[in-house]
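Per-chain residue numbering starts at 1, and chain names A, B, C and D are given in the order in which the chains are listed.
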Amino acid sequence: MRTPAELAAAAQANLEPAHGDFFAGGAGQERTVRGNEAAFEARRIVPRVLRGVGERDLRTTLLGTEMSMPLLLSPTAFHRLAHPSGEEGTAGAAAAEGVVMVVSMAATQPIERIAATGAALWFQLYPQPDAEFEKHVVGRAEKAGCRALVVTVDSPVYGRRERDLRNGFTDLPPGLACENMRDADGRPRDIAMDPALTWNVVGRLRALTGLPIVLKGVLHPADARIAADRVDAILVSNHGGRQLDGTIATLDALPAVVAAVEGRIPVLLDGGVRRGTDILTALALGADAVGIGRPVVWALAAGGPAGVRDLLAHLRGDLDHVLALAGAKRPADLTADLIV
Amino acid sequence: MRTPAELAAAAQANLEPAHGDFFAGGAGQERTVRGNEAAFEARRIVPRVLRGVGERDLRTTLLGTEMSMPLLLSPTAFHRLAHPSGEEGTAGAAAAEGVVMVVSMAATQPIERIAATGAALWFQLYPQPDAEFEKHVVGRAEKAGCRALVVTVDSPVYGRRERDLRNGFTDLPPGLACENMRDADGRPRDIAMDPALTWNVVGRLRALTGLPIVLKGVLHPADARIAADRVDAILVSNHGGRQLDGTIATLDALPAVVAAVEGRIPVLLDGGVRRGTDILTALALGADAVGIGRPVVWALAAGGPAGVRDLLAHLRGDLDHVLALAGAKRPADLTADLIV
Amino acid sequence: MRTPAELAAAAQANLEPAHGDFFAGGAGQERTVRGNEAAFEARRIVPRVLRGVGERDLRTTLLGTEMSMPLLLSPTAFHRLAHPSGEEGTAGAAAAEGVVMVVSMAATQPIERIAATGAALWFQLYPQPDAEFEKHVVGRAEKAGCRALVVTVDSPVYGRRERDLRNGFTDLPPGLACENMRDADGRPRDIAMDPALTWNVVGRLRALTGLPIVLKGVLHPADARIAADRVDAILVSNHGGRQLDGTIATLDALPAVVAAVEGRIPVLLDGGVRRGTDILTALALGADAVGIGRPVVWALAAGGPAGVRDLLAHLRGDLDHVLALAGAKRPADLTADLIV
Amino acid sequence: MRTPAELAAAAQANLEPAHGDFFAGGAGQERTVRGNEAAFEARRIVPRVLRGVGERDLRTTLLGTEMSMPLLLSPTAFHRLAHPSGEEGTAGAAAAEGVVMVVSMAATQPIERIAATGAALWFQLYPQPDAEFEKHVVGRAEKAGCRALVVTVDSPVYGRRERDLRNGFTDLPPGLACENMRDADGRPRDIAMDPALTWNVVGRLRALTGLPIVLKGVLHPADARIAADRVDAILVSNHGGRQLDGTIATLDALPAVVAAVEGRIPVLLDGGVRRGTDILTALALGADAVGIGRPVVWALAAGGPAGVRDLLAHLRGDLDHVLALAGAKRPADLTADLIV
């Protein structure tokens, strides 16, 4: 198995440079991009011994969705830029490996087609100021079988991504479009980011759908406390460092969020997760599952759907392996005292 | 927009090397020059979400002066070394962008000419041992319309700037002079630094002028406490690292100063502010506004008055942008819990 | 005397590259390999003066075994890969220098032959799921004169060592074998790692032998507390960073383990010990003795048995020297207040 | 004035490489050599303002000796290796600049000749096991006019200096000798280091001389506490990193020593002092004066006695300058709250 850096390099070799930059880059000086990974590097594991870990069991259920391990595919845009198989290819791999794929609102294939792979899907939503259109999009996702709505709240405005500005990367190439951003008449819409959003958006979405709502982009414990009263889960995320450069690393934000939530709802995390020990670390510090973003894109660009399957199988094996070495049989055995 | 480093490089290409060194350099090994910026790099932001930040309002009023954002131009010397338009050019840009310019006592144009741009000006003063001359200078600034006196107190003696010593940079080139350092008869004077100064200087200046007094160069909380009883604002500054090398970074000094002042007077800060997130960080930690020094000189040298306008417009846009991303509508919404 | 780095370089020059990598490498990104040494580098010594340290006495007794200094040879595999004299050569050097050698279960010579050198030996055991075979191995070690059983508990599964995977290093070259992994009929067996192991293994081994039991691989204070009730000593170890990459440095784990054990049993440590000051540091922080692994292999590869003797003599001299400089006459004089 | 690094480089150009290494080098990996300087780099100054520092006064009296500033020349060996003028040259510079020179027991000129310069001298002593010889040496120093005895206690054995071992530097070149290591008959003796020394040495020396006794090499607060009852001053020193590599930086050791001494005796410090801000930092943290070692040797090698005068004059000017900038008129105005 290639290391994360090797996988990224193999992907970049297959990508248009501007597209490689779009996937790899982040906001500003990319301090937060680097910081997410560095936060994992800074932690150390204090393993337990002789705990009878003969058969590990990684299976997890979140919001009623069963998954083969506490890992999900965080939403990433434009999979067809990475590989012709697009989101459908990614979803096929997720289905085969039994993990949830969170489909980006900026997916380049229709949700119905992605869902046809049989993958367990959640749908990522930027709340849209056009109420009618938002209702249409949410309805379509629900009808296609998505099992949760992942509502991104870290994007009142669009992050300043220096690489994209330099490359002049603003539009998808001809023939590609955000296929789930079409109105009832099939006309394309742009994704709107709405800085005026308040917590009222939760009620608005509850009125549209019975799907569980995951709030993506929560980092401050005060927001986590509010969220625990209103939504079904939170995803601790800084958008992979693509929105506000200088934002705290997600792993560093996790403990205070977990403490604020007091176990009332599941807490997920993405940002910087690259290896089994990263997953172990986040779980031990209180995450119920973690998401991966860029590695999925790299795997897709480097090896297509089979590459994504390899990645997921490898991560499952790696997590299983490090669980054993840390003295845990199940994710639930991981406790905060294992991490310093 | 160019990054701060690119802007500095573009400026250096237009400057005499010795002049570029004068602007860029600091005292001793320039530990404090680097430390000011590093202190901002070391902080991380914990943003809030869903706070309804649809329209941000950056306007700020300080000491009766309205400004379009909580940013002012800290005093920097010798603008005609940077660009023929000199301080007048800088002031024109400040006027156009609605920010306060603190005119250096070492300005290379008369305060009256600078004031004619219509910019909101404050005047920086090194208290002068010659009482008559000090009175003359202060009176001239007040008459020209300056709205506050920024009294530098971090310079009992002149800092040892290694670059200037090596370059032999001691005098302005022929034709350039400190135009506000002329006595009533128009004869040039040198700026005197007076190590014997005590807190009595405040009373002395109060007797000369009704302008509000800002004390520039306060870093120790004990001094901040004294100042809060005697002056109208303090500017937490280490003179851009140009006086005592090894001095604490201004951002690191800020929290104790803010605590000592207990809200009695405004607290400003300069040193190392380069980006919107830097401004956000200082405001969240208790500054009422921040000053920028070198970036203004770089912008002036690289692009003249238009360059300064671009810089200020960019910083306003950047601050607006990151306020939204951090969940703040106004500077006053920024609180210390947003920073770790 | 060569520095540790010079010794390693000299060894590598004599080794097949894949074998050099096997000895030098660790799991994953080798963060723990580097971390073990870095933890020693980060500590500083606060020496005492005028304590009358005219004649130092390094002798130590552990589990009834006398040793010339509080240093033992931690188990390392495959000495015949390093030098034709193999474990016998190493044991001869240990005997000559009066230190305990912990013979690896993966030794490439029979324990009887190693024991014939007269060295004080302890025997390292991976508990084997085949009870009969385990009994055979333990019995053979005891009969050969081994004085303690060092039971490795950090290896429920085999660590992922990237270098070995890249080199395809999986088997010993023809003619070499794990000579103590033969059953009663002389047939070779593979070393099994058993993830199902629990604390019951201690009782199982107690039933097989009266030898004192040292638990190797304890890092968590909760495990140390359990161990103090059940075994005769613990060896704080992360397997030289060869099992779970990201594991805490052993020196960083030591203080909490020592506190948990409350002096009830001896606490040993290996991982990153390279110099006299490293030994001093670990002893001051509560270790009763330390083990060295890679340096022994380097010395054997670089200079054969004489090289190992040189290394041990040098370390004894170095420890004696730094004890004097820190104001200690005996290991027992070293207290935690000497380390910051 | 050259920077410390430039001065060292200029000196090295004039020195035999092995002699340059002798002066520059330290024990082991020279972690403590680097650490002494790094400890100063890590501190930051929080200056005071408006304190009326018009005329600074650096004069200090220690153990009855007046000095022009709180700086002394720590003992360094073999000045004739650095410059033909030897210790006499150094002493002449010290006399001219009004600072105390601590003459090393390994000086290459007789104390009587050094004293003839009129410099204020203290004499450094390694206590000698030969009582008669020790009495002779101490008597000679006292008779020559030395005003204090600086007793080195950090050298129970001689430090392992890797550079000297590699260079084979063991003896002075022909014609050079330790001129104060001659017995009553003029026969040369070697300096003995005595690991058996205890606190009894203080009484032994009190019986030989009425000179004040300074204990050099105290780092542990427990030893400082003992010393405060028995000697007249302590010099916090790690022998410039030349004895026990890994020893705490002297500046890091200072605060606990100062607290332990509770003001009962003066506390001096050497190790890593290179600039005015270093002196300021040590004084603010509680030192009564500081010593410099290598810079004196560099100045002597680079510029002879005039070079040493330049160095001392520069340091006095630099200290005066930074005192003013920190808001202090006298060394006594420096308090611990100025340092973070």
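Rule of thumb we're sticking to: a residue touches a chain if its C-beta (ideal position, glycine included) is under 8 Å from a C-beta of that chain, and two chains touch if they have at least 3 such contacts.
Being a predicted model, the structure only gives us computed values, none of them experimental.
The set of chains in contact with chain A as well as chain C is empty. Put simply, chain B has to spin 90° for its C-alpha atoms to lie on chain D, with the angle rounded to a multiple of 5. In summary, the pair chain C and chain D forms a contact in which the copies contribute largely different residue numbers, shared numbers making up under half of all those used.
Taking each chain's centre as the mean of its CA atoms, D is the chain most distant from chain A. The distance from the centre of chain C to the centre of chain D, with each centre set as the mean of the Cα atoms, comes to 43 Å. Annotation: 61 Å between the Cα-based centres of chain B and chain C.
Across the assembly, chains come into contact as A-B, A-C, B-D, C-D.
Touching chain A in their complex are the following residues of chain C: 28-29, 31, 35, 153-154, 156-157, 159-160, 162, 194-199, 201, 215, 217-220, 222-223, 243-249, 252-253. Those residues of chain C whose C-beta lies close enough to touch chain D in the complex are 3, 41, 43-55, 275, 277, 281, 318, 321-322, 324-327, 337-338, 340.
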